[in-house]
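Some structures are shown below for you to check.
Two complexes come next, and they have one chain in common, chain A, joined by chain B in the first and chain C in the second.
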Partner chain A sequence: MTTQLPPGLQLEKVDERIMTLNVGPQHPGSGHMRLIIKVDGDYIVSCDPDPGYVHRGEEKMAEYRNYIVNIPHLERPVIHDSCNVLYPYCLGVEELLGLEVPERAKYLRVIASELNRCVYIQYWLAIYGIFLGHSTMFMWPAGDRELLIDLLEKITGARVTHAYFVPGGIRNDVPANFEEMCLKRVNYFEKRIKEYAAIFYDNPILISRTQGAGVLSREDAIRLGTTGSTLRASGVDFDLRKKEPYDAYGELDVHSNVLKDGDSYARSKIPWLDMLESCNIIRQALQKMPKSGSVRVKLKPNPKGGNDEVYKRVESGRGSLGCYIVSRSQPEPYRLKLSVGSFRNLICMPYLLKGEKLGNMPAVYWSLNYWPVEADR
Partner chain B sequence: MSQPETPETKPVATAPPAKAPPPAAKAPPQKELPQFEKSIADKLEGKFSTKATIEFVKVNRIRVKVNKEDMLDVARFIRDELHFDHAESVTGVDYPDQKEIEVTYHLGSYTDPELAKQVLTLATRAPREENPSPGNDSTRVPSLRDIFYSVEFHERECFEMLGVYFENHPDNRRLLLPEDWADLPPMRKDFKIKGR
Partner chain C sequence: MGTATGIIKALNSGIKHLAVKRFTLRYPEQKLKFVGDGYQFDPTTGVGIAGYKGRHMLFHDKCTGCQLCAIACEGVAEAIGMVKVQDEWKHNKKGIMPQIDYGKCVFCGLCVDACPFYALYMTNDYELSSFTKEALIYTPAQLQVKPYVQQDAEIVFDSRGATHG
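Let's look at the complex of A and B:
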């Protein structure tokens, strides 16, 4: 093929136009993972996510430890959401061992997991804010989450890694004045996060940066098997707390938040709406909770499951979190698999970033509510 | 479920009352098979009487086992007729004593509100080799990526962690492990953690 060009001019080869960028794994804009991005000028041509930088082999470790010893290390994938990460594991082990959780423990689990959800979302929101250059949105959530962390510390004894849920209930009962203290803090917290709307969600700069960026249609959200806020921002009403209620969620009135736009703005707004809903759920649970009673059933030392398998799932801060346990009459699980929301949403990344401007990468990437450590496990 | 004789001890589709659980402390819904789940299992049995084995029917959970040759047909039926539309996870389980590796798909549905609670477990088995050479040995199953697009990354993970090659998967590359990993696939039982 010969193209007649004026003398002195040369055609640029396509290969020379395309530049490969390694975003991460140490890059602050990507979290602990690498995105191999090819750019043509300012536009992303292709994106190949490369997770695994913080892979810790949680599933392999679980095969060597018994059902109780597994508790503290299994919450490590997302320490900010540690109650929700342990939740499906505990539900699964309870089914394998045939344990019935006391009624009070069911409600306390709901309260702890909703508090933990808020703590996680606040952390995520802080990061989302700072990567969009909104430093107030970093300071506010980072400060306000201390309120709930303090509360969780009073319940569980640890600030972040609670290890509060155990198969058969919870580790310990709450302190005496817990209900009053919890209600006070949750009410203040709710009032406080409502103020985020004026500074962040109604902010024209945020809207112009995120609206229309990385649109995921309803059909694609289903086809790609996404979950959590990514799915619900694309108009699919699927919240396991409502669809497959576990523990005390069946007795509570849970509203699931759905938006139809499917863009980064909708994806960033769903977790915030979830926090408001969490406050509602906590207030309901405090009201309906039995005022006294046991919170834990006694386990035999080194309990063994039968020759069985179980798949349990809960709604975590990042979507459906499933735990698949294969038991072969041993005190240790024969195989344990965590099906985590972050890993399931990873598949969206090449899909959403293609054709997007490089400057929009953080806005789209962080809106997926992606937690690299969880995806790697 | 792992022993080969387990399907016979739980003859789910033929004699429901025989499934009385041996430990008395088990949850009561185990005694009677849940109706809705049973109807889905019956549809599968009606279509693939010999090819698909229903291993158990529990509340909201069904487990189907198929040979890897029939995997694509059964998966297509599950998607088109039973309306399961996405995969939640793909798990490989190593059984060195049976010289097999099991690949388990957990399928769910977003589009059909009736199926929102259901998780259908589709399991198949691949032969296991003592000295694995991932991608080049007989440990392979057909990829379901053309049927359930969402399995793409899950199958990649299963390939590197257990050495199960997914035929017709467009992208059987490493995902989580380092590029220079030269040891056994780490989720196999003969890969031991140091000091344990």
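Let's look at the complex of A and C:
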């Protein structure tokens, strides 16, 4: 049977052996994104990631709102990592408006963003556990995450959507016995996450499942422009907290975790090592923080920037997160662009999954530290 | 490390947790304690006071009907509308006060930051669910009421792990 097709359209050639599978977009694990996978038996022939189901137009929305009103909107792409998502925006606006952040606010920002990184990674780890059928690894991080969420709630007043950072500092100072409370929780949290080693990371079942699955070589990682834990798992020592220190990171001793293997196991271990490093950074910051002082510069009601543009980036839970702001002497930004780690890591999916077994797909996919909502913005 | 040793170690790590206290917060019976009475803002210094961002509280004797809270909410959630109130105040010539729709509110607290007269605070009350959308709209008279909250559970640490004591 021949069908007359309109010019420009063509039917996909159907192969007897190759079957096309749609993973998502409503898969409870994948988030709102689709992977179009072609399989030959049990082996993946090609993979075509299809993001864009939760595009919210955050960048366009930002052009109609002033610098302060943008704050609750811009943290929406990753509410679990809301402090880190707002960080580059605040740094950028501060440079546009020429604001000098008080010393105490710099340290408190570091503490809040490191706590938030732990909260995000715990959530990510819980999902990674359930992806691999390890239900204990779902319960433990989800429970221990509550320790830090409760602490962040005491500082910022909300469990996940904090809206804590503003251009010029932070919204409010910390409660009275914060240092003691924070130290106690972080120490207990560190003790708890060290216990994950025996049950998860040293577990032979997990190792056999993830080791050697989806290997990304050092050259490919650089060529594809990956970032964050994916890049560091491939042996590239690139951590913005160390390479381009912002705020108080310059005064703190930050160690960046690098593994050489570049497989799913290394990619899943880097965030866990990052959490241990975050605990160190928080303890250092608590020690070096000025005990009192201002935490916020007073802003004019509708601050305007000059004819200028600025690009700032920070290390978020998913890698480098950049914010490009163009100002045209208006209270609103003329253009705002977020360059997110999730979207940049997604590009290696077709390379990693080729020739891989279908059963390894979840292990490879979630190890990329991908967050669908952030990639779509 | 051999495969068998690894599996035994993993199982052992799980079994050890039979002796650890349960961390779960039994929510309706227990409620988490927050710092202070809620999020407040000091317009003279321009810095907020740490606290939970829950339902608002409006002081009728301080509100001047200046609409700054409604303007602050405009690009965020558009939850605040100004409505006429019955009682007359000398400082509130127009007789208007904010009415907040909690179906829209995102609890960012920018309205509290905008108030220069210490009239709008946020309280520890977060149990706002209702059966109708209309009941989520809080009138100035409802916002005036200080909520009754009984929150006393706190995370405590001992040798057998952390619990909500």
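Just so we're on the same page, the second predicted complex is superposed on the first by the 362 of 377 C-alpha atoms of A that agree within 3 Å, B and C clash if a C-alpha of one lies under 4 Å from a C-alpha of the other, contacts with A are read in each partner's own complex, and residues count from 1 in each chain.
Note that in this section a residue touches a chain if its C-beta (ideal position, glycine included) is under 8 Å from a C-beta of that chain, and two chains touch if they have at least 3 such contacts.
Quick caveat: nothing in here was measured; it's all calculated off a predicted structure.
With both structures placed on the common chain, the touch criterion links A:N172 to chain C but leaves chain B unconnected. Applying the stated contact rule after C-alpha superposition, one finds that A:D376 touches chain B and leaves chain C untouched. Look at A:I68: by the touch rule set out above, it reaches chain C but stays clear of chain B. When the two complexes are overlaid on their common chain A, residue A:V160 makes contact with neither chain B nor chain C.
In the superposed model, A:A142 lies in contact with neither chain B nor chain C.
Contacts of A:V215 after superposition on the shared chain: neither chain B nor chain C is touched. Looking at the shared chain after the overlay, A:G57 reaches chain B, while chain C stays out of its contact range. Comparing the two interfaces of chain A, the one with chain B and the one with chain C have residues 64 in common. Residue ranges of chain A in contact with chain C, taken from their complex: 64-66, 68-73, 136, 143-144, 146-147, 150, 153-158, 161, 163, 171-175, 184-185, 188, 195, 198-200, 202-205, 207, 294-296, 298-299. The touching residues of chain C, when paired with chain A in their complex, are 1, 3, 6-7, 9-10, 12-14, 23-25, 32, 34-36, 38-39, 41, 45-53, 72, 74-77, 106-110, 113, 122, 155, 157, 162. On the chain A side of its complex with chain B, the touching residues are 50-52, 55, 57, 59-61, 64, 95, 98, 222-225, 231, 236, 238, 243-244, 306-309, 311, 313, 320, 322, 324, 326, 328, 334-335, 337, 339, 343-344, 346-347, 376. Looking at the complex, you find that chain B touches chain A at residues 1-3, 6, 23, 25-27, 60-61, 63, 85-89, 91, 93-94, 104, 106, 110-111, 116-117, 119, 121, 148-154, 157, 174-178, 186-187, 191, 193, 196.
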